[in-house]
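In what follows, subunit A forms one complex with subunit B and a second complex with subunit C.
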Partner chain A sequence: MPQIEVRGLAKTFRVAERLPGLAGAFRGLFHRRMRDVHALGGIDFDIERGELVGYIGPNGAGKSTTIKILAGILNPTAGTCRVDGLTPWRDRRRHVARIGVVFGQRTQLWWDLPVIESFDLLRDIYRIPSEAYRDNRDRLIALMDLEPLLDVPVRQLSLGQRMRSDLAAALLHGPSLLFLDEPTIGLDAVSKLAIRDFVRELNRDRQVTVLLTTHDMDDIEALCQRVMVIGNGRILVDGSVAALRRRVRNERVLVVDYDSAGEAGRVDAEGEGVRLVERDASRVRIAFDPDRIPAATLIGALLAQGTPHDLFIEHPPIEQTVAELYAEHDMRER
Partner chain B sequence: MKADIRPLVAVVSARYRTLLQYRAAAFAGFATQLFWGAIRLMILAAFFAAATEPQPMNLTQVVAYVWLGQALLGMLPWNVDADFRAQVRDGTVAYDLLRPLDLYSYWFGRTLAFRVAAPTLRGIPMVLFSMALLPLVGLGDWALTPPASAVAFAGFVAALVVAAMLATAVTLLAHISLLWTISGIGMDRILTVLVTIFSGLVVPLPLFPDWLQPFLNWQPFRGLADVPYRIYSGNIPPAEIAAELFFILVWTVALVVMGRLILLRGVRRMVVQGG
Partner chain C sequence: MNAAALLLRYLAISLRGQLQYRASFLMAALGNLLNCLIELAGIWVLFDRFGNLSGWSFAEVAFFCGAVNATYAIGELMATGFDQFGTLYVKTGDFDRLLLRPRSTVLQLAGHELSLRRLGRLLPGLVIVVVAWGALDLPVEADRFALLAFAMAGGVAFFFALMVLQATMCFWTTESLELMNILTYGGVETASYPLPIYHRLFRRFFTFVVPLACIGYFPIVAVLGVDDPLGTSRMFQVAAPLAGFAFLGVAIGVWQLGVRRYTSTGS
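Now for the complex of A and B:
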């Protein structure tokens, strides 16, 4: 039986619409126009014990809403969800005692307390037996290199330090399921790598099931066997990372800078696997498919036409990839 | 039962330790309350000097009433916790649901710490000042006198404990109301007026007109200040202490039940609208 079973999960928020301007604000006092926002439009998925699943999608796609429902702090409008046999929002207290949740955007530690006191407080809140607590705490402190931070109040930690402390805090009670909502957001490269290594080991050595949302495609490639893409409240793709890569266009962008707009204007960039995206003064952006035309061939062809003073290759950001995926999905549905 | 108390004790003590860090605020609070204490004393003294009829309290009892009020002001539920208000504002308050705790008890613990931290920081210096220092500088008439008797003192301590629970229940009601009103500024204003007047902080309740007394005697706020201070000075005789403690306790239970019912609706709103 899967550890998480989600069927037809839907969430609709009612928000009050405010009319613009002073007159609008005044009218809002007497008559409020309500608008329905469909955050989730009936999603289904299963997650097996020990899986490490990436959950991606543009802002506002419904990622956080899903996590909040699974964590038991938000009620869905419709649908069912079982986590280890419990319905999160109905059996909240029993459910949350068994899961760990980390939100990259906000700490769950006590802002004014030193890290170690937050840990002790969590021991009491989760009623962790002393021995298990000591073992877990010492292991997490060693793994996350927290020793030098233990006496520092949380508000004085850097973002990377805070994130490591937050992760440790979410695991003190030994949950078998971990929700990570954008755990690498805003982190520098070193901290990101530390977090990734830690999550990978946690999943591999302790068989902790992890559901991870992120905007960083590198997180997904480094960690996840499986990825779910959500857009406008629906799951668009659910499968391996390789499958996702095949589904979306395997496209990179070559940016070429010339000395003058005239030179840039003369560039001819049409052909097999190549497409001119944009000409902006002395800059040209050319999209190409590396499977059909190697970057070296394309660059060689351009050099034959003129002498650029700079060129570099961009990966399309995940937001764009997913947006394209969504647009494609939308069209196909019609 | 023991296992159920452990998380709460931890929450109270953690929050309490946090609040004890604000020493500058404590000092400023002490200075302000000293100033207001002096002004209240002067007004009440003028009132007593002009009074032609015997009053329900004597001046010594009134002086004790005023100084205890200044010392324990922070315990009165006259404001909401700024931390809590900020949490409601940015929605983080919903994340408290991630803890495997009964939400009302959890918040009760946080609020209790908030109510008790300020008076320990400001109260002790205020008592030292008004009890020990004033007689030394020749202002013995205006000093806080020791409790009327050992029984009065025991009754006072017991009354303070239940009064702290009552104050917490009232503050928590205000906190819960923030789930609807968000800003909490209005709540602060209403609370300040209600609490300072009806607890006896502006004018000791026995000095209000006779026709108001039946009402004043039954409203909950007198349990916060009037009852404990009058037990201390012996204005409430030892024989009546038990009944008065029971009075505070009944109101506390009533407000806790009310708070729980309202919170139930608040949580439903929170989990539907997403904090």
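Now for the complex of A and C:
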């Protein structure tokens, strides 16, 4: 049985329309026009125990709404959802005791408390048995390199340090399911790598199921076997990262370096399933569709024309893939 | 860890935090102390001019005043999280954080902060009660103490409930409404005087709708050992503080409705 089972989940918010100007604001005091915003238009998916799923989409597409519903802090308008046999928003307190949630934008720790005291307080809030707590805490402190931060009040931490502490805090009670809402937002490269390594190990070694939302496609490429793309409240693609690429454009880029610009200039790269992307001094970039022309054939044809000193194949960056997918579905950021 | 122990932990942490800002704590406590003394001075001036208040002596009225101030101080002390709920939790969206934890939201907010400055109202309140006790020559008996303690416990529940109701409104209005101050500060002011001096409508309101008299006037009449000019029985007076707990029960019910609204609107 899947750990998360979502069927027909929909959420509609009623928001008051703001009328322009001061006069409008006054009129709004007495008479308000309400407008329905469909954040989720009935989505379905299953997530199996131990999966690491990326959840992407433009701002306002419904990512956070989904996470909030799955975490039990928002009631949907329609649809069902079972997480480990519980309905999150109905069994909220039992449900949240078994999950971990990290919001990149907002800390779950106490602003004025040193990190270690936040941890101790969480032990009491989650009723973690002392032994399990000590084991978990010490392991997380070692893994996230938190030792030097333990006595620092949370408000004095850098963003990266805070995020590491937040991740550790969300795992003290040993949840089997972790929701990460933009955990790498605003982090420097080193911190991002640390977070990614940690999440990967957590998933691999402890079989923690992870649902990760992000705008950083490197997170997805580095971590996720599976990715779901949401737009306008609907799930557009649900599958492997490779399938997502295929679905949009099945194209790779062959990069060929020659010894001189003259040699590169003589390359003829037009034909069935092949097009020249750019010629940059002694480098040529050629896009090709591997279903129509095998890489070996293309390379053979190039070798017949000259002698490159280096060549390699690039996958198009997934940002581009997703941008094309959004364009295909005519999604603008709302 | 059970709820009570967790609450104590929360509060211990809050206390330590406040002691770091000693000057601010002292000033605020001093302000509360002055407030309380000025209130008492107002009553004294009244008595100095008129001698008594429809048969009630200065010491008796001071007893009411001291008891309700001390009670309110404890209630407010415990409900600081609710008092600042709109600005600290709804506006910022931080209420989500409380919902993500496997504990009741009421418990977590009660543990938000133990505001030490409220001691400035608690201590003089208690001193006034003790001095009035002596001035009235009341016998020092266990059951009188027990009844006073029971009345104060009911009163703490009552004032806590008012704060919970005030916070609940934030689910609809976002910002804390000062409307409830009519009942909190106004309530303290009102309960500082014996109930019979008020109009019948007021008496009904503060007995049956907002049971302020049930945690103040009625049980204290029994503690003072005087007959109630309104003709209530001793039994009623002794049981009256239960209304404070019932009121808290209602307030928590309303709070749950507010939480349900929050979780369906997400803001």
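FYI, the second predicted complex is superposed on the first by the 250 of 334 C-alpha atoms of A that agree within 3 Å, B and C clash if a C-alpha of one lies under 4 Å from a C-alpha of the other, contacts with A are read in each partner's own complex, and residues count from 1 in each chain.
We adopt the following convention: contacts are C-beta pairs under 8 Å (C-beta built on N, C-alpha and C of every residue); 3 or more make two chains touch, one makes a residue touch a chain.
Just so we're clear, the structure is a prediction, and the values are computed from it rather than from any experiment.
Novice: Please determine, from the superposition on subunit A, whether subunit B and subunit C clash or fit.
Specialist: When both complexes are placed onto subunit A, subunit B and subunit C end up clashing with one another.
Novice: Identify the partner contact of A:113: answer first if only subunit B is touched, second if only subunit C is, both if each is, neither if none is.
Specialist: In the superposed model, A:113 contacts both subunit B and subunit C.
Novice: Looking at the overlay, does A:31 come into contact with subunit B only (first), subunit C only (second), both, or neither?
Specialist: neither
Novice: Classify the contacts of A:96 with the two partner chains as first (subunit B alone), second (subunit C alone), both, or neither.
Specialist: both
Novice: Report for A:73: first if it touches subunit B alone, second if subunit C alone, otherwise both or neither.
Specialist: It touches subunit B and subunit C both.
Novice: Is A:127 contacted by the first partner subunit B, the second partner subunit C, both or neither?
Specialist: It touches subunit B and subunit C both.
Novice: Using the superposition on A, tell me which residues of subunit A are in contact with subunit B and, in the other complex, with subunit C.
Specialist: Shared contact residues on subunit A (touching subunit B in one complex, subunit C in the other): 13-14, 65, 68, 71-75, 89, 92-94, 96-97, 101, 103, 106, 108, 110, 112-113, 117, 121, 124-127.
Novice: State the interface residues of subunit A toward subunit C in the complex, per the touch definition above.
Specialist: It comes out as residues 13-14, 65, 68, 71-75, 89, 92-94, 96-97, 101, 103, 106, 108, 110, 112-113, 117, 121, 124-127.
Novice: Under the definition above, what is the set of subunit A residues touching subunit B in their complex?
Specialist: Interface residues on subunit A, with respect to subunit B: 13-14, 65, 68, 71-75, 89, 92-94, 96-97, 101, 103, 106, 108, 110, 112-113, 117, 120-121, 124-127.
Novice: Show which residues of subunit C lie in contact with subunit A when the two form their complex.
Specialist: Touching subunit A from subunit C are residues 1, 5-6, 9-10, 13, 17, 93-94, 96-97, 99-104, 260, 263-266.
Novice: Could you list, by residue number, the parts of subunit B that touch subunit A in their complex?
Specialist: 3, 6-7, 9-11, 14, 17-18, 21, 92, 94-95, 97-102, 271-275
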